[in-house]
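Two complexes follow with subunit A in common, the first pairing it with subunit B and the second with subunit C.
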Partner chain A sequence: MSFDIMLHTPTFALAVPLLFAFLTILLSKFSKKVGDVTFLLGLLLTGYFVFLMSYRIFTDGGWVYTFGAEEPITLNFFRITFIADGFAALATITIAITAIAAGIYSFGYLQKKMPSDKFYTLFLLTLGGVNGMVLTGDLFNLFVWFEVTSVASCALIAYENHRGRSVEAALKYMVLSVVGGLIVLFSIGLLYGQYGVLNYALLSGNISRIFLDKLALGLLLVIFAMKASSVPMHMWAPDAYGEAPGPATPFIAITSLGSLFVLFRLLFGVFGVGMDTAAVGAVLVILGVLSMFVGVTMALVQDDLKRLIAYLSVSQVGYMTMAVGVGLATLNTVEYQNFGELAMKGGFFHMINDGVYKALLFLSAVTVVHKTDLRSLNDLGGLAHKMPYTTVFFLVGAVSIAGIPPMSGFSSKLLIYRSVYLYNPILAVIALVVSIITFAIMGKVFFNAFLGPDQGLTDGEVSKLMLSGMAILTAMVIVFTLFPGLVVSELVTPAIEALSEGVIP
Partner chain B sequence: MIELVLEDIWSPIVFILVILLTTLVAYLLYKMGNPVYNRTKHKGEPFISGNRPPKDIRKIHVAGDNLFWGFTDALKNYFEPLVKSHTGKLNDYLYWVVITLAVVLVYIYMAV
Partner chain C sequence: MTLESILMTLPYITVVVLFSLGLFTVLFKKNLIKIIMGIALMQNGANLFLVSLAYRRGDYAPIFTSAESTDMVMPTAHALTLTSIVIGVATTALLLSFVIMIKKHYGSINTDDVRRCKE
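Here is the complex of A and B:
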């Protein structure tokens, strides 16, 4: 029997970061350099297996990777499944790109600021956890990965524990995560008690409009929306993103994006068949509009650089939620062909875009704070004189998040405007207004922090490793900018097909 | 064949080519300008509506709070309660989760 490594890539995408998380801290005890190399190796290997898995998905189609019993069964048999389909490929690629860039950045950052071994371990544990969340094919497994991600990212937020604010942010994140985890477990219990199965595919065949199913749907929807920092449950996000140690910030934001991927998987793959998708889609649309508008207007009044970008991140989550909500609301209708599918394309394209340019903005902001020890826009100014590369990286991220043509953010937003207009023109108007305000905010940040006379706040650029992390993300933004058609046809469309066709049994 | 056009509605490559072409035209017009202009005169001096620049260079820079003050002040009836609702208290964060849960569950029970 030959060993087909491609077939086992989903489990490697989980096992490698988990294994290397513990190897890193173990080997760091012998030598810091060995620990650093182990971390980098773990990160790159995870990325390698994610890209191998995605390659197989795009060439041969998706498959279900199973531990335990081979056939779907109902009771008393051990069976853990991971779904490797177009949707999983989109999610894991987004996570991997950000993780690799933030990981490389962290090398330079941690050399001066703080001990690195535990940071690397927590970073890899979070990576394994969030990969598990988006790849898993059953609900209890989802709960396990949800908890792994929550515990590891909570510890990451509190990593600079000499700062009271970090610990406070981590405490808030932990309480909300624990409450969220318990509610997720309760809703899993409801479904398991009702049908005796936890597998997505088996559940989707059983779900109907009975009270307990509706209760489970509502609970899961709200908790994963909260973890995705959707308004009005977003308030933990600026605290967590603002106080997490520099290189961890974009990665904590990516765990939120991971929760959004899970939410969409559950709504389409588990509840999409038996429920009224128009009504559930409307909930997403409302949450999306609230997130867009409240997020961007709260960003407008911020003067703390990291909190400002955190609120913009909340606003961007709104775009994705609204667009996918329109897709869900029109699922299985003629309107899906007319504009629902286009909204989904816009939403998912925006997810990968947002994952990359948001990480770039966070890393640029962290670079500014790292070099100047200042966070307030009232105190910053003239950084472009001494930090030209960081200025360019920030500018690329800023024009992209603001949706300025020809940047990638514009491409995905264009699809969203065009499709949601046909669902309800007011949504498109709100999305446009939010985009304009985002542009104004980015103008304010760029003007305040980077332009103006040199105020002598920094002695120069950061290390080449830190610049490399930002350069990787900038390169990805430019690729997405130049070839949006390619990204949508090769990466986004397979994800949408995988979702709309339901979960592979 | 690489897909260069997004959903038949948008091609960034064409947009970039148009920008480059426009830049070229602008450059040609610039080259046709007055060649006797003295580039060194007033070079580097900020122009603040004809006012004399302050000696302290920091006073030239507009701070973050100043930039959209007019906008936020005009809409203070919206911004003040919005900012106040972000209390930073964990209890309030949990209240919002409970309120959202209640609203969504009632809606799903009635509508789905």
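Here is the complex of A and C:
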């Protein structure tokens, strides 16, 4: 039996960050440089294996990776399985891009302020946890990775523990996550008690519309929507994003995007056949509209730069929830062919877009805060004179999040407007209005912080490493802007096909 | 209702009591330590729920005995419970260490005093 590395890539996407998480802290004892290199190596290797996995998925189709067995899973064997399909590829690619950019950025950031070795460990642990969450094929594993991600990301938020506020934000998020995790465990118990299986594929054949299944569905939906920072369970997000240490901020946002991926996987893969898709889709649409609207309204009144972007990120999560909700509501009907599929395409294209430009916005905001030690928009001004690169990076992110043509944010939002209009015209109108308000907010921030006379707040650009972290994300945004059709046909369409067909048995 | 069926439902009643007591504590208590105690109660409720689900009357425990493999209960729920206990220790430790930091910075562990993020 030969060792086929391509077959085992899902394991490596998880094992590499976990291994390097503890290697970095060990090797950092020798010198800081060795630790830095190990961290970068871990990130790049993870990205490499994610790339290999996606390559195999796109050329040969998806597969179920079963740990410790070659035969496919049967009812009597409780094997740990990973599902590597188009959906997992889209999710892991989004996570990997942001993780690598944020990781490179953190080299420059951590130099003077705080010890870096433990930061790297927590960062890689979170990366491993999120990868496990989106790849896993059974509920048992889902719970474990959910908790790994919670613990590691909360410790990451509280990393600057000389400030009380970051510990407060971490405590808030941690209490919510732990209670959420217990409720996830409770609903796993509900499903296991009835069907005696935990595997997604086996469960999806059993799910019916009885009360206990609906209860489990409702609990899982609420908890994963909470982790994805969807209104009305969004109150932790501005605190956590606002108080997390700079380079970790986009990564915490990606963690919650990962939870959204898991929510969609559960809804389509596990509950898809057995539930009332129209009703659950409508619930997602309502959550999405609420998130869009409340997020952008709260962003209007913020003057703290990081909190403002955090609220905008809540409102962006609404777009995806709404679009995928429309797709779910029309699943298996004629309307799915007409516009449901298009809505899903828009939603998922927006997810990968949003992951990238949100990270870019967070990193450029962090750069401003790092350089000036000011967070309030009232105190900032004239930064463009001394920080031309950061200004350009922020502008690219701002134009993209506002959905201005021809940026990538516009392509995905256009797909959403067109398809959602056919489901209910009011939704498209709300989405447009929210987009316009987002544009106004970004305009305000840009003029306030970057334009105007030089106030001498900064003495120049940040280090080259930090700039190159942001440059990677800018390059990705430009790639998505130039080739939206390619991204939709090569990345997003396989994900939607994998999702709407349910999980591979 | 026989005595036996009452005894069989007793674990589930305990689960409901533990879980709702914990949830009540988390939602309505102002002391951070008490909130963490509430979380611990909920953890125990969830663990008891899983263990009670795994019980099959008349079957053997899944350890090495001469019993037929079909007569043994599935150990999945037990494995899940053990994992959950371990995770519970980690989360409780992290939460308590957060509370120590909060006490250092704010001089109080009352939730009314710990709200600087909103400012």
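Following the convention adopted for this analysis, the second predicted complex is superposed on the first by the 494 of 505 C-alpha atoms of A that agree within 3 Å, B and C clash if a C-alpha of one lies under 4 Å from a C-alpha of the other, contacts with A are read in each partner's own complex, and residues count from 1 in each chain.
Keep this in mind: a contact is a pair of C-beta atoms (placed from the backbone, for glycine too) under 8 Å apart; a residue touches a chain by one contact, two chains touch by 3 or more.
Computed from a prediction, not measured in an experiment: that's the story for all the values here.
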Would you sort A:D239 into first (subunit B), second (subunit C), both or neither based on which partner it touches?
both
Touching partner for A:M226 - first (subunit B), second (subunit C), both, neither:
first
With the two structures laid over each other on chain A, which partner does A:G189 touch: subunit B (first), subunit C (second), both, or neither?
second
In the superposition, subunit B vs subunit C on subunit A residues touched
B
Subunit B versus subunit C as contact partner of A:S411, first or second or both or neither
first
Scan A:K345 for contacts with subunit B and subunit C and give back first, second, both or neither.
first
Touch check for A:V175: first (subunit B), second (subunit C), both, or neither?
both
Once the shared chain is lined up, is A:M298 touching subunit B (first), subunit C (second), both, or neither of them?
first
Is A:G381 touching anything from subunit B or subunit C once the two structures are fitted on A? First, second, both or neither.
first
Is A:F143 touching anything from subunit B or subunit C once the two structures are fitted on A? First, second, both or neither.
second
Can you give me the overlap between the subunit B contact set and the subunit C contact set on subunit A?
171-172, 175, 179, 238-239
In their complex, what parts of subunit A are in touch with subunit B?
171-172, 175-176, 179-180, 183, 209, 211, 214-215, 217-219, 221-222, 225-226, 232-233, 235-236, 238-239, 275-276, 279-280, 282-283, 294, 297-298, 300-301, 303, 342, 345, 376-378, 380-382, 405-406, 411, 414-415, 418, 440, 444-445, 447-448, 452-453, 455, 481-486, 488-490
Going by the contact rule at the top, pick out the subunit B residues touching subunit A in the complex.
2-7, 9-13, 15-16, 19, 46, 57-58, 60-65, 67-68, 71-72, 78-79, 82-83, 86, 88, 90, 92-94, 96-97, 99-101, 104-105, 107-109, 111-112
What residues on subunit C touch subunit A, complex-wise?
19, 23, 26, 32, 35, 39, 42-43, 45-46, 49-50, 53, 74, 76-77, 79-80, 83-84, 87, 90-91, 94-95, 98-99, 101-102, 104-106, 114-117
In their complex, what parts of subunit A are in touch with subunit C?
78, 140, 143-144, 147, 150-151, 154-155, 158, 161, 163-165, 167-172, 174-175, 178-179, 181-182, 185-186, 188-189, 192-193, 196, 198, 238-239, 242-243
